[in-house]
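Same chain, two partners: chain A is paired with chain B first, then with chain C.
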Partner chain A sequence: MAVPALKLDAAGGLLAAWPEPAGEAQWARAARSQAERWLRERGAPARRDEYWRYTDPTSLTVEPAPEAALLATDEVPVFQTRETHRLVFVDGVFSPEASTPLEIAGVEIVPLREALAADIHWVRDIFGQIEAAGQVPVERPLAALNTARAVEGCAIRVTGVASRPIHFVYRRAAADADALIHHVIRLDAGADLTVLESAAGAARLNTVMEVEIADRAALHHVRTQGRDHQRRAVTGLFARLATESRLKSFTLTVNGRLTRNEAFVEMRGDNASAHVAGACVGDGDFHHDDTVFVTHAAVGCESRQVFKKVLRGSAVGVFQGKILVRPVAQQTDGYQISQALLLDEAAQFLAKPELEIYADDVKCSHGSTSGAVDETSLFYLTSRGIPKKTAEELLILAFLDEAIAEVEDEGLADELRDRLAAWLARRR
Partner chain B sequence: MLKISNLHVQLEEEDKVILKGVDLEVPAGEVHAIMGPNGSGKSTLSYVLSGRDGYEVTAGTATLDGEELLGLEPEERAAAGLFLAFQYPVEIPGVGNLTFLRTALNAQRKARGEEELNAAEFLKIVRAKAKALDIDAEMLKRPVNVGFSGGEKKRNEILQMAVLEPRMCILDETDSGLDVDAMKLVSAGVNALRSPDRAFLVITHYQRLLDHIVPDVVHIMADGRIVHSGGPELALEVENNGYADILKSAGERVA
Partner chain C sequence: MAALDDSTAREGVDQETVDTVRSVGERYKYGFSSDVETEYAPKGLNEDIVRLISEKNGEPEWLTEWRLKSYRRWLQMEEPSWAMLRYPEIDFQDQYYYARPKSMSVRPKSLDEVDPVLLATYEKLGIPLKEQMILAGVEGADGAPVEGRKVAVDAVFDSVSVGTTFKEELSKAGVIFCSMSEAVRDHPELVRKYLGTVVPYSDNFYATLNSAVFSDGSFVYVPPGVRCPMELSTYFRINAENTGQFERTLIIADKGSYVSYLEGCTAPQRDTNQLHAAVVEIVVLEDAEVKYSTVQNWYPGDENGVGGIYNFVTKRADCREARAKVMWTQVETGSAITWKYPSCILRGEASSGEFYSIAIANNRQQADTGTKMHHLGKNTRSRIVSKGISAGEAQNTYRGLVSVHPKASGSRNYTQCDSLLIGGNCGAHTVPYIECKNNSSRVEHEATTSKVDEDQLFYCRQRGMDEEEAVALVVNGFCREVLQALPMEFAIEAQKLVAISLEGSVG
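The block that comes next holds the complex of A and B.
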């Protein structure tokens, strides 16, 4: 079927808006042009595309990026109270001055620009490769754009147990910044790393994180997306897991005009485990979309998708989640739950849960629900003297907790709970 | 303390009248029991007093120390000193029992203009009261009522009552689901709270509870009304003969 001209034009427009990266190694150029070709052939996302029916991509594909007012707040930024290795980006541009020096035991950190100009084999094996593998069966044009043009980001290799988390801090300075950030992360066998991401980053932020997790290694990913009301974000997490490796990814989203968080996770080694979770809270013209694909391509792997959305006013939540079990993937254990708490009549939750199973010895379950706050619970709490607003907040936090509980580090999980409680209380 | 006059209540959703003129007065320092056949309106009365949605009061009043209750929000009634131990305590996954209790206690203290308790002060109070009711620390940490046995849920209701120290306590079938030992613990918990400035309204089907919590007055409710009131011996009569005779003679008196 011919690709509509509008999609092709939009793709051309997106590519033209960013300078072609120069001075890079041959292998990097090859990865770039593969992504560029892909995008030129398939076009930018459009409402008619199967996985964009519930989310209008227009504001993600128009040039220039729509403006987003900066959030004025004096609150302490998230994850600032703990010891982390901070890598700061301002409007999508790496700021070495604001960052911790790039030295940390057991971890190699190279700014993406440098990594693509050199010949670093582990970057070469990942950059653009895991993302390209994630384009099938579902197209991810904005991730292809990112691979074709992003020069900001970090390449990180972990050989042992990292002594502290790496924290990507995405600050904003201009109301109209458009940003592409691309990280490449490689965990060697037995390595262990926590990656934190926080703040809004840009008026329109497009991030891609390509992750290779070798045997018995574990990546913990915890992200909070900035509360700036008008900001837009599209993110892609592309992960490949080897034998007995683990991935745990959790995202907390509060506010934002449009957020599309995509994840593509492929378990290629036996007995791997992948958990992808998200909690979001939004009001009014908030639109939040989680589109998650988990592929079981080896024996005895376990996966969990846990997504919880609290929607007020006319906020919209979208969940598109798939568990794909390939014929080899016997003894698969797959679980998926997506739930929305609709606090107002106009709020909407659109869910497309999918199971595609080609093996026979498989345990897979999925569920999707939406509903209002439980009146009986609310009465019980208020009958004990708890004001209705507070009772509602307790129930909202309780509702989100199954997702937050996916954060393994109790300290981090508690910090997220406290933040959420504070943000909810501000509305009173 | 609690004064209910001519209370008429129907369901909001459907055209069903449940309370048809309840008159009841419970003075401070006293324990009153309500007995009555299934479906006579006992739980409905307790819900209407504590402010649950879904009921429409078509006539009558209910006051606590002279203050009209029926227009208040449930949390305002609680702060005024009203407490209902639920016939069916509600499970709330994701909300810790301790968080719940502390939020409730501090909200009430705040509403009354009292200082809020910090975590340590609060824990000290709860631990002591939980111990008396044989509720262990592990149960306190669990989500509210989730996975609790029937008897554990009822003990948890009484723990909440003991911590919140309400002035007017309504117990809706707190004895159902309790084993003999738990019944003694719960009764002891209630009796420990008895005082000249507190009152109890105990809804029950069984005289056995009233052996432990000896009432000053026993009321019989039938078809949405208090049809008969008497001393503790009335409970024994119900236990032995059922409601038929009482209802018959009450009917004759009404007629």
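The block that comes next holds the complex of A and C.
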């Protein structure tokens, strides 16, 4: 079928809004033009696309980006108290002054701009490649835009066990900033790294993180997206896992007008394990979308998708998840759960949890539920003398905990729990 | 299997052994065709054909116009491509849209006048059309039929209804059960009032095609407060070659009534694909209940995917008033391609819809089937239990929608869809859409995919069953919840069918 002109025009508009990167190596230019061609052929996302039926992409594709007011706060930024290697971006632009110097044992960090001008083989093998592989079977035009145009971001290679987490801090300065950030992360065999991401980043933020995890390596990814009510974000996590490697990704989303978190995880080596989880709380205009594809392409892999949404007012939660098991992927263990707690009459939960299975020795299941706070549990707690509001908050926190439990570092998990409790307390 | 058919017992080989081997080879036992002189409308589709079909059925002008309106709409529509089905493009001009046994050109007044070849066909299929045969061997002392065993049958052969049994007894209760063409003639006001109100003529590609060219189907009207005294059943048979079947069924359950309706289908074994695009509309009024059971056993094609029926069906029930209830039960074992989503529109307050399904795909079969539950009224309930089984190189997809509208407060849905994989070359897929738009409703969905449990198989084998029997037993256990929802006679039939459909899938 012919791609509607509207989609093609919007794609042209998006590409034209960003300057074409200059002074890059031949291979980087090739990766960029491949992404650009893809976007020009397939067009920008539109509401009629199968995977955009529950989320209106208009505000992500219009130019210029809609403004988002900056929110003054005296709250201590998240993960601030921990010892991390901080890489700060202001409105999507890397700020070396605000960041920790780029030296850390066992870790190589190169700003993307520099990495794409040089000839670094591990960047070359990843940049634009894992993202392109993730375009099938479902198109991710905004990730293609990111690959075609983003100049900000970091290329990171870990050869051993990183001594400290790497922390991407996305600060905001202007109310109308539109940002593209692209990270490339390579974990060598046996390496171990924790990556933290926090804050709102820009009025409209588009991030792509391409991750290659070699044999027995492990990546822990913990992200918070928060604070500003009117911000918009679309993120893409593209990961490729080798034998016995592990990926654990968790995202906490608080507020924001529109958040679309996409993940494309492919397990190519035997006995790999991938956990992708998310918890979100929001109210009013809040629209939150998790679109997660996990592909089992090797024997004996395990995957978990755990997504929990607490929706107030007229908030909308979307979950589109898929477990794809290829014919070779025998002894697969796949699990997926998506649940929503609808706190007010107008809240909505829209889900499409899919299984696509081509191997027979598998164990795959998914569950999806939505409804209000359980009356019986509430009654139980109030009958024990707990005030109704507190009881409700306790139940909400308990509901979200299955997702937070996916964060292995207890200290990080507790900090996230505190943030959630504070969010609920502010809304009493 | 042709070689086997000619084989006779050689020396030292028991005739019984030869027969047994032959019967195992004959997996699709309804694959015979009857030698019936058939009258066709010219091949292809155009306005003249639509008019011709209408004329053959002796339809009033409003219906002819409705058909033409549908046909014109259909010309502008595109064939849907979203289902997980792969098949060569269908040439809609290379089909006959109307076929009727010559002997039916003058409609027989009673079953006694029906061509014996037709009756023999149904007899061979195990469908008793002679009313006395329904007694199933258990006859009362004075020859009166035993209560509860009676099933009224409407038999549809290609494009026409051959006959309907127990009409008189049903009419005593006020129940109208006849073919669609008779209903158009005898009860035009009812047909006109309800036809196309559940599945509008412009609904989807196949339903619109059906609206233009539909042939016979069944018509049921159950008056207020009447509990239909027996099960109603329609048996669809495709016989003629290159002929599409486009039956249309309309069931109306008036206030406080109850009816249980069964539907069975078979077709001869041919190596060309045949098209079947039916529409079923059910209207359920206040406090009424309709139970609709299907055992779909169209010819599935051979092991290499040659031949078989393309089954594109639109079935929908409209629970129009308070506390209306509808229950879909389907056992889908046949067809090369199945595209079918029996749906419920739960409009009336506290109305409820249930969907129980077993879909078996073996060899090269492809099934994309499921249901839609539209919760529009307050306190509506729905329940979905779907069991998909894939074997051989088949692909089996559950595709479903549960939609709870903002105004449908206090509603409840529970969905369970389980898939079973037998062998490493098949696929099982689940594509549910879940939309909950208020917070007082509860929606729950769970799905699992696994293979036949090794421990269970081992247990059965240990007790002397061969592998195929063991698999059939385990699969029947897997399907139990759905089989239990079927009327008894059907349940037994379906259980056997499950085993037959999986023959050859093990080892």
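As a convention for this text, the second predicted complex is superposed on the first by the 428 of 428 C-alpha atoms of A that agree within 3 Å, B and C clash if a C-alpha of one lies under 4 Å from a C-alpha of the other, contacts with A are read in each partner's own complex, and residues count from 1 in each chain.
Throughout what follows, a residue touches a chain if its C-beta (ideal position, glycine included) is under 8 Å from a C-beta of that chain, and two chains touch if they have at least 3 such contacts.
In this text, all values refer to a predicted model and were calculated from it rather than measured experimentally.
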{"item": "Which superposed partner A:S370 touches (first chain B, second chain C, both, neither)", "value": "second"}
{"item": "Which partner, chain B or chain C, touches more chain A residues", "value": "C"}
{"item": "Contacts of A:T382 with chain B and chain C, given as first, second, both or neither", "value": "first"}
{"item": "Which of chain B and chain C A:E402 touches, first, second, both or neither", "value": "first"}
{"item": "Partner chain(s) touched by A:D360 [first = chain B, second = chain C, both, neither]", "value": "second"}
{"item": "Contacts of A:L350 with chain B and chain C, given as first, second, both or neither", "value": "second"}
{"item": "Touch list for chain B against partner chain A, complex", "value": "50-53, 73-75, 77-79, 83-84, 86, 89-90, 92-95, 99-100, 103-105, 107-108, 111, 143-144, 160, 164"}
{"item": "Chain A partner contacts - residues on chain C that touch it in the complex", "value": "82, 406, 409, 419, 421-451"}
{"item": "Residues of chain A defined as touching chain C within the complex", "value": "50, 327, 330, 340, 342-372"}
{"item": "Residues of chain A that touch chain B when the two form their complex", "value": "375-377, 379-388, 390-391, 394-395, 397-399, 401-402"}
